[in-house]
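In what follows, chain A forms one complex with chain B and a second complex with chain C.
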Partner chain A sequence: MKRAVWLAAALGFAASSLAAQGVMVAPHAVYIDHRVRSGSVLLYNPGTEPVEVTISTLFGYPTTDSTGAIMLRTVDAPDSTLPSALAWIQAFPRRLTVAPLERQTVRLLARPPVGLADGEYWVRLVIAAKAGQIPIVGVSDTTAIQVGLTLEVRTIIGVAYRKGPVTTGVVLSQLRAQLLGDTLVTWSRLERQGNAAFVGTVRGTVVDSTGATRATFASPLGVYFTMQPRIASIVGKLPRGRYWLRYEVVAEREDLDPAVVLPAPVARDSVRLVVP
Partner chain B sequence: MKLLAWLVIGAPLLGASAPPILGAQGKPLTVTGVRGVTFGAVFPGVPRVISRTDPANSGQFDIKGPNRSRVLLSFVLPLTMTGPAGAQLPLSFGSSDAGYSQSQAIGSQIGFDPKQPFTAALANNGRGSVFVGGTANPTANQRAGAYTATITLTVTVLP
Partner chain C sequence: MSKRPALLVVLLATASVFAFPDRGFAQAPFASFTADAVVVTVGMTIATLRDLAFGSVPKGLATTIAPAAATAGAWQVTGNPNAFVTIAFTLPTQLTNIQALPGSTMPISFGLTSALWRRANNNPAGATAFNPAIGTVGRFGPPPNPTINIWIGGTVSPAPTAKPGIYQGTIVLSLTYL
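Entry: the complex of A and B
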């Protein structure tokens, strides 16, 4: 009975009655010390349905494209020139089901190669969470179209393995800035120093000709090699005049334990802004 | 509920076997699929468009993480939905079919192409929402039956 009966079918990715689904992942960044060679990630299911979780790993690091947008560059088979821990950090278990309001621990076990040089090595943990099949609703006519959807969310967090002395820093250059309406857009070149990723924050302060602060912004940032990030911040409409943007990159992060944030000298620069 | 979640997460972390210099290392991150895209009634050969600003039918994912942190959003989008005996129902997504809102309000989104990665900054309270729409393109002789597909949102914490 291929006729218009099915036209009234409920066609959709999911029923509107779909319960929220996902898992809480903690922490959002893992640091493993060579002396311990293990770490853990906690998964918690705040929902009302069991969630199937699959754990995998990949190698990748943030960088920027030609427009300054941040992207994750992944490398399927990283060679020895890259500080990859992909081959020797494993997660257990790789498949698990987290019951509603329950938690489970994923263990990370490192088996670094003998003679591993001092430094920081990276891998990323992919936590894929899928709830059960969404019930198809609204259509009982077998000639109609019935549609259901399985939603999946993947959370990718960074894992850093540190062996021996690790240092970092950043060199700031090519700072540019432009006011576009109420938005301040900045571009800069950031080149990492040392043998570990620079994890910190970009801070900007707009001051007027009297030295008074007119706007501020802050943006967390990680520099793994070299990047040229474009950072846009809403600073409000500034009156006509000349301003200075004071721009600094500091090794501070409010979302991470200070113990895992490597110290580094502050990188500073400034650039003039004109509102015609 | 929120307090309970923090207690559940925090207790084992405090007792974790990490060395003293590497204790509880970061805050939790939660990505939740809130609502799927609902196309409603469709007709053979007639595309059905759902806008990302449609409060009832657009898809929604909520994110809760560290305050003001940056995350990279990327979708794995199905090209088709699979139905009876392997029948396919085509889907398409336009260059502004996804949107991000720091305030989690559907009316204050920044649109982006769901086929390209998008960098988003979580709000001062660590929250944000992703909305998605799309177009179902049933053929003129689309077979009746149940069709399913999976839409995946990947949230990458930066760094």
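Entry: the complex of A and C
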């Protein structure tokens, strides 16, 4: 409950301190059960002007590039080797206007093919909102050149469709770590197990030679296939000495209902750090 | 209270403060909300803090707005603490004069460092530069400030013979939860 309070307070502060243009999208991840075959997303306009919203879908999943940066790999026409729900999950309505201080619900309807194998299938929902029009001043001066740019924002969230038994897990290997000033940079290889994405959190703890904790970090992560993420965390300047980084990948997420987070064994490893 | 109801409270409370920051919880528009999917989380909001405003520009001279300038475009995104998101732009290359005959355009360009992002801090000084044409991966700030701030500048280059009027284009900012 404590977390709930600060989250609400933080978001409330953000909302009250801005002349916001845009739309709030909740939740940021949707899980649809095969027995229900539907879901919903709420849109809320906290601003003072109507917001035009367009809904579309795409297929993509997080992975990493050669530097370890996390990226979304999109596939325009996913074939049968990919667990795509792009062809059979649709959103309604696809165009809508959300009035100021009003909410609208976008329904997600699934029409999976007959004989769909058990497992998890993915699609991404794109919520595009026209976020405002730049006021043009000095229009009465017909000799002037005025420049204005319309701003549009797109929020892209994940949708997962689960049929039958779904399992997940992660294999951790190739853990490396380096202290660069006050920043701890870690690299690891994470390979998903089972037939569903691993949605969890990477947690790191730096302990000194006495076993005392000197720093911690946490990073939510989704492993859809295999990834080698580079995670940089500010841990502060550590004094000279030898340390251990305890690194674990757990199937826990603070931002998701525990009912949708699939259980999985914790993957752990550790690596030595030296501050010369 | 179990975890799920606690998170529901977050959503309801969040919705209420977005809706009526100066009023009581009882007036929350989400009070009757029920979800038919098994999902209860906080949401993500992309708020446009400031437009990219060139205003009046001289003919024949390029006008540049730096991303850290007071007239740069600025957004603040609020979401899940420490979560990663991709930040991508769809950028115009030409602006169209909406008051002249069709075909009257003005080039607009964006440099390798025309965009900035920063976790949990809305001061562009100290932000990380990136190429808006390529995009980058950002990360929400830690508690209690789970925000990402994004800025963008650019350069317009009206020709000496550019027709007067209002030139417009569209910048699209895409945020993807990873």
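Going forward, the second predicted complex is superposed on the first by the 251 of 276 C-alpha atoms of A that agree within 3 Å, B and C clash if a C-alpha of one lies under 4 Å from a C-alpha of the other, contacts with A are read in each partner's own complex, and residues count from 1 in each chain.
The rule we apply is simple: a residue touches a chain if its C-beta (ideal position, glycine included) is under 8 Å from a C-beta of that chain, and two chains touch if they have at least 3 such contacts.
Source: prediction; values computed, not measured.
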Considering only touches as defined above, state whether A:Ala197 meets chain B (first), chain C (second), both or neither.
first
So, does A:Gly164 touch the first partner chain B, the second partner chain C, both, or neither? neither
Once chain A of both complexes is superposed, is A:Thr155 in touch with chain B (first), chain C (second), both, or neither?
both
Item to complete: Using the touch definition from the top, say if A:Gly39 reaches chain B (first), chain C (second), both or neither.
Response: both
Quiz item: Of the partners chain B and chain C, which touch A:His28 in the superposed model: first, second, both, neither?
Solution: both
**Request:** Examine A:Pro263 and indicate which partner it touches, taking first as chain B and second as chain C; both and neither are also allowed.
**Result:** neither
Where chain B and chain C land on the same part of chain A: residues 1, 4, 6-12, 14-16, 18, 20-33, 36, 38-40, 42, 44, 46, 62, 69-72, 103, 124, 128-129, 131, 134, 136, 142-158, 218-222, 254-257, 259-260
Touching chain B in the complex, chain A uses residues 1-2, 4-16, 18, 20-33, 35-36, 38-40, 42, 44, 46-47, 61-62, 69-72, 103, 105, 124, 128-131, 133-134, 136, 142-158, 197, 199, 218-222, 224, 254-257, 259-260
Listed in rising order, the residues of chain A that touch chain C in the complex are 1, 3-4, 6-12, 14-16, 18-33, 36, 38-40, 42, 44, 46, 60, 62, 69-72, 101-103, 108, 124, 126, 128-129, 131-132, 134-139, 141-158, 218-222, 254-260
Per the touch rule, the chain B residues reaching chain A in their complex are 1, 5, 8-9, 12-13, 16-19, 21-44, 48, 56-57, 59, 61-62, 65-70, 72, 76, 81, 83, 89, 117, 119, 121, 134, 136, 138, 141-159
In the complex, chain C touches chain A at residues 1, 3-4, 6-7, 9-11, 13-15, 17-22, 29-30, 33, 35-49, 51-59, 63, 73, 75-76, 78-84, 86, 92, 95, 106, 108, 136-137, 139, 143-147, 156, 158, 162, 164-178
